[in-house]
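Chain nomenclature is as follows: A, B, C and D, assigned in order of appearance, with residue numbering initiated at 1 for each chain independently.
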């Protein structure tokens, strides 16, 4: 009996196997795949956090076409050698020269330009244009305010943010990777300088407007620059403009002696309402009311005329001294 | 250890670097086409490379295109974006039309959008122009220094006119008309 | 001719079910203890979650619509206008703003909302809609005085 | 009962110097016409119509002056697009779901404007503002597919389970600018040509 059963067993087993062979062999996930992958992942985790390696180290990397695409992406036309110098840092240039000297290459063709002059030119153009733009867009804001906004726009974080989002992180020749925000900011200045050299100052102005000034789109100007002592400043301005002495009045309050007290204070100058503000206590409410009044006087409110980013500023009123 | 990173992230619509405000910049930076030279599943990819890749590269000079033949590996599209996202797309056994469609999608994307659940369909940083509604907006200032309960505020609303009031009103009207008639007589 | 001897036929366990189960485990990663680790538990709660998600997408639209109506009602209550009078007034002066827009205006642009209430109240008065005379419950504190109706 | 919309006059009682007007001229113009039909003859209709006309003209002048001096500040508009209405200001992002022909980089102008407003005035269209009055310019910045939504149906104990995966396309639009192109000119023009706008 057992013999019969074993023969039946073999036949039964044989049938699915050759049926599998007749059907186009379906390739399944092999059973060794998931344990192997798990082991690999475990080893990678054991190695700990790795330093991000540069994209330029990959096999599929062609620097010349990346430069070409960088220019075309922003639909500007650069001269490629100029653009390449804009991307090379001075430290990297020195390092390269030492290495080539060690290899004994003749001193003549050792020159490897770095982006310092281009960067200074770029800084110059960007600063001039941004000041002219702010003067044109926010005429009533005092010079201190315009200066604060301009310095915000030209600060290293904003420039680094813009530079990474233009895709320059991979193209920069610098000693350390990923490039620090100073190198990124300097590279953006160098790109502006290179652009003004290769296709004129007009294009450089448009570039600055389209990529740096647009960071102010729908931005709350109070976050960038809040006047320090709003009340005194308001007093001075009222005397200057002869609006009469500003005096706060309580417009409304609720939950007076509770934790969540709210006071609504309005500031009037000879019976004309200048600004309204809320606050937990009277002092803070008058503070916010004064800031609100200043905002209306300087036209810095959210509901002011929005920035016009399609505006062509003529070169003449951008002082390039 | 929380596993929330495994789940689908949710967020709000954002455009990188205020794209579109100044000028529109195509966000796809690099496109890599990996395929096998003789495997059947890469046939669509091979056709696409022969027929359409050159025109695609000509039309979009801002995108760097890399072609990477690999033996016995599935065909793959990898798109790298300006904000650092990397979109991996397997195009196994797909025809060249499908591949060109997927490449158009990669080209018009701002980043890998398949990993973000949008919670809102619009975004603004300036929601209010006339100032948001506040409880103090419609409160008249003179209501501020009233100490409740005041008699005037505690009257019921829309009480229908009682009969006596109606009568008084009618009588007053008659008085008025009588006076006007008298005046007219005196005027003539 | 393939000679199948016994060691070869010991076991053939077919494809690795790790990948099939992984899809369910990824969706159940944030569940509690056994429903996160045991497949039979996980698949039940995952199916339930996916069903909830599918119906939830429809419910969300209804909830939002309800939220907008309550906000518009609160907005026009300040001016002593009932919601249906308000909507009827707007419809008759063929202003086709939907509920979402009306609630947005009520919150973020109160002056424009006041103008709309004015128009609809004028229209209701002209057309003689029924409950136009009803005064608001908070008349002298809130906005009715703004409208300066008779 | 004075049927004139009080919104013409200063609305906020406390002394805010920002006068609040309502530019609902067309609402008024049609308003008066209706009044004439069901008003008893005793009231002098022409006087009321004249007064309304006067009121509308003053409002329009004030708005035109403000726009001429470009003091109106930021404008917002309610725009009807692909079946949905959006409240937009310059610099906003809106998403349109489903297949939509315009591709990335296109500059379009949205002309189904239902309502436009600023800090001090609101233009309410009935149902839409005139064709060229408000110019809303926008650029298309992204066309993607949404994340994969699972449509899952299951009937317990009936061996019935269906799951469909879906990624619907959507388009992201950046609103560039909203401006008033023509000065407002009261009702005279509104009645004259009711051009049928084909959409």
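Operating definition for what follows: contacts are C-beta pairs under 8 Å (C-beta built on N, C-alpha and C of every residue); 3 or more make two chains touch, one makes a residue touch a chain.
These numbers come from a predicted model, not from an experiment.
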item: Centroid-based (C-alpha) most distant chain relative to subunit D; value: A
item: Chain pair with more C-beta contacts, A-B versus B-C; value: A-B
item: For subunit B paired with subunit D, centre-to-centre distance based on mean C-alpha positions, whole Å; value: 17
item: Interchain centroid distance [CA atoms averaged], subunit A/subunit B, Å; value: 22
item: Centre-to-centre distance between subunit D and subunit A (centres being mean Cα positions), rounded to whole Å; value: 34
item: Where subunit C touches two or more other chains, by residue; value: 108-109, 111-112, 145-146
item: Residues of subunit A engaged with two or more neighbouring chains; value: 217-218, 251, 302-303, 309
item: Sequence positions of subunit B contacting 2 or more other chains; value: 21, 26, 124-126, 128-130, 139-141
item: Touching residues on subunit C, where the partner in the complex is subunit A; value: 4, 9, 13-16, 18-19
item: Complex interface listing, subunit C residues touching subunit D; value: 47, 50-51, 53-54, 57, 93-98, 100-101, 104-105, 108-109, 111-112, 114-116, 118-119, 122-123, 125-127, 145-150
item: Subunit A - residues contacting subunit D, complex; value: 217-218, 251, 271-273, 301-306, 308-310
item: Contact set on subunit B toward subunit D in their complex; value: 8, 13-15, 19-21, 24, 26-27, 105, 107-110, 113-118, 121-126, 129-130, 140-141
item: Footprint of subunit C on subunit D - complex, ascending; value: 1-3, 5-7, 9, 11-13, 20, 22, 24, 27, 30-31, 34-35, 38, 76, 78, 85, 87, 114-115, 117, 122, 124-127, 149-154, 161, 163
